[in-house]
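Next, two complexes with chain A in common: one pairs it with chain B, the other with chain C.
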Partner chain A sequence: MPNRAARLSCAITIVIALCGCARSGRNELSVPGGDAGRGRAALIALECGACHRIPGIPGARGTVGPPLDGFRERVYIAGRHPNVPDRLVEWIRDAPSVDPATAMPDLDVSESEGRDIAAYLYR
Partner chain B sequence: MAPNRGHTPGFLLRHKLLFGVLGACAILLLGMLVGVAILLSGAFNTAATEQHSAFTHFLLDAGLRYSVNANADDIEAPALTDAALIDRGRSCFRAHCVHCHGAPALARQPHGLGMMPIPNDLTESARDWPPAWLYYVTAKGVRMTGMPAWEFRLSDTDLWATVAFLKQLPSLSRAELVELAPLPPQTSCRSDDAATARRAESYDEDERGEIVLRQYACHACHQIEGVVGPDSSVGPALVDWPTRRYIAGTLPNTPDNLVRWIIDPAAVSPGTLMPDLGVSDAHAREMADFLFAQE
Partner chain C sequence: MNGARVQSTLDPAPGSAAWPIDELGLILYAGAAVILAVVCILAIAGVVAGPRRVDARRWLLVGGLTLPAVLLVALFLHALGIGHALVSHESPGALRVYVTGKQWWWEIRYENGDDAGVLLANELHIPLGRPVEILLDSSDVIHSFWVPALAGKVDMIPGRTTRLVIQSDRAGSFRGQCAEYCGAQHALMAFHVVAEPAADFEAWLARQARDAAPPSDPESQLGHDLFFDAGCAACHAVRGTAAVGRLGPDLTHVGSRKSLAAGTLGNHSGTMAGWIAGTQDLKPGSLMPSSSTLTGPELRALAAWLESLE
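Let's look at the complex of A and B:
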């Protein structure tokens, strides 16, 4: 049966497509004015990976802060602030002003850099 | 070699074992694919308004009985006729059971009405089941139903008191039954953290950490390596724990500090959304040991 492989791959494609449909409950977080590409560059320049594990950033394997994978799915920032774009930008720009006891330093991040970084974390 | 009788069996016959196995595999695979297709198409409705087929219900019910029979086998029931014990059990029933199970002459609370499977009225099992079975189901709960395990909440005495009361339940009058209305759990037969502080020790050492984490619902908010759960993103993922430097972004990550944090999160980080779950020192240590044993 020459087209058995074709049929099998067709069946597999259908199954994968159905899996895709089932995942449509994804949230719609996005950062107005934020650019994920520039955010990636900023994450590298600011050496965020020294403290955080960040997917897609070379060498970002830090264990001082929590891993930032799947940040879009996270419900809270720092265990207390709702994970919405504006709060995340605020946190990235100056964490100690939000939560004085945090070990996360103020890295003097500009508003636009903060938006870009947030966009990358939500990508 | 056998002499050639002028007849060679066909390829299929000569390899009938091979083809038999291949055929069985194909049928199994097809069945699995059909199952996956039903699941992904949404044809299996998870609504609690849908009922099990009679056959599914029979299977689950029989499974429960055989499981309880086998697992409760070596549980020794104490004497259950003491009036004070029965009275204590009545408080436990009113504080923790009657909301979902109700009783004859007493309607259950709203959350006990819409559940699937429905929490059964307990008079029949109370009459028919041996005390050890009732104790086992109360202490360990029943998975895939709403029945929780109570052994990490109630002392052994309270668990047996509940069984003692259940044994009396079928003989109560209507007047006595209507007096079983729910009591606030804080005022009577309350969750006894001191009495259950070392409950994990009744489990094998290598499964304690995982059981304790689940019995305090940690996996409802955290993804935890080694604990199967809803993969929640409410709290941070507890993976590669030994490599983490800080707890809650403020406290150096040592086993002792982790125990401190679990027992009273707000004392470490005021304003945190991580709740105080009434975890005992012994159970917090089991959790910390489990997390620090991650690769």
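Let's look at the complex of A and C:
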């Protein structure tokens, strides 16, 4: 077949592109000490779903704040602050101290709870 | 939350009306099991023994008529007795509470000396071991007051007052729910009953009877001012302030309650802010509009002030 090489290269390109899709998360985003399972329980207990749409959390369909799906790919937290683990934990624990203009209240979240929730959002 | 225990007819509180109801249920289950077993045994025995003559008339008279008649009449009388005891017995020394069903929340009023009483919402407290007479009515459609662990359902009918006596000898928090379909948010019309020792109950009622404390910091002050600027006071009352609205729940001590919006959400500054800004998203069709004109810090201040009202 004359265009066999072209087909092959096309297929390889598609496979590479698909691999890229699967790996599009920012792999450096991990939260030391954070446990996604405990984070899920904390998100449910704190009823974060009153304001946020959060995949995997029952009833979390809130529209007051931004949806939290694909948080791993998000470049900025609340459109302003670099999305890195320590900043996210800080944000979860006391958002107004990071951004005084935010609508998200300080919810008295502990350091370990904050790490767990961040781990869930980055899972 | 451990829903099975706080809202279950299978875990009735001792001393409550749900206890004899549960007992009646057990009698029915056990009796039905015995009857089923006897019928099965007879059916199998009939097959095993092979064909023979039976006195059909006698079997019909005894097993088909007399036995069910005796059992059903006995059960009926027993159930009538329970029903009578549940709704009509005199309860001297009973505390009296008025509950009005509204789409979709519960207005609760405690008698308190000679004044207008204490107006609350979505949460009843009762003293342990003392009967509490609840007078039920509705201001819109038919609702039904049901705390499965404490008592049977009683309908709340517009223009009529129905009555229920509840009691618990076990301390704890019990969840109740509207049990008569009453519109779009029927499923989000719940409440809590907290049974506690008499002294705690008296202290709670005294706290609830008080006016709201004045704002204690600048953020609460801002929240207090916004409550009036944003129009919340048109529908809500906060005793001790100029807010006297009666359309929505009285918020004088809203921060002390277990839930927001009649069991829709837990109660903390986050859920409060979410509820104020996302009302129609969380409970579509409720009379309260979502508040979309507040800035972030204003929303937080309003939630902080309301949460400070304990």
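As a convention for this text, the second predicted complex is superposed on the first by the 96 of 123 C-alpha atoms of A that agree within 3 Å, B and C clash if a C-alpha of one lies under 4 Å from a C-alpha of the other, contacts with A are read in each partner's own complex, and residues count from 1 in each chain.
In this section, contacts are C-beta pairs under 8 Å (C-beta built on N, C-alpha and C of every residue); 3 or more make two chains touch, one makes a residue touch a chain.
Predicted, not measured: the structure shown is a model, and the values here were computed from it.
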Which of chain B and chain C A:101 touches, first, second, both or neither: both
First, second, both or neither for A:74, with chain B first and chain C second: first
Contact breadth on chain A, by residue count: chain C or chain B: B
Chain B versus chain C as contact partner of A:64, first or second or both or neither: both
Which of chain B and chain C A:50 touches, first, second, both or neither: second
Set intersection of chain A contacts, chain C complex versus chain B complex: 63-64, 101-104
Contacting residues of chain B [partner chain A, same complex]: 33, 36-37, 40-41, 233-237, 239-240, 243-246, 248-250, 269, 271-274
Residues of chain A that touch chain C when the two form their complex: 46-48, 50-51, 61-64, 96, 100-107
Chain A - residues contacting chain B, complex: 11, 15, 18-19, 21-22, 63-67, 69-70, 73-76, 78-80, 99, 101-104
In the complex with chain A, residue positions of chain C that touch it: 265-266, 268-271, 273-275, 277-278, 281-282, 294-297, 299-300, 303-304
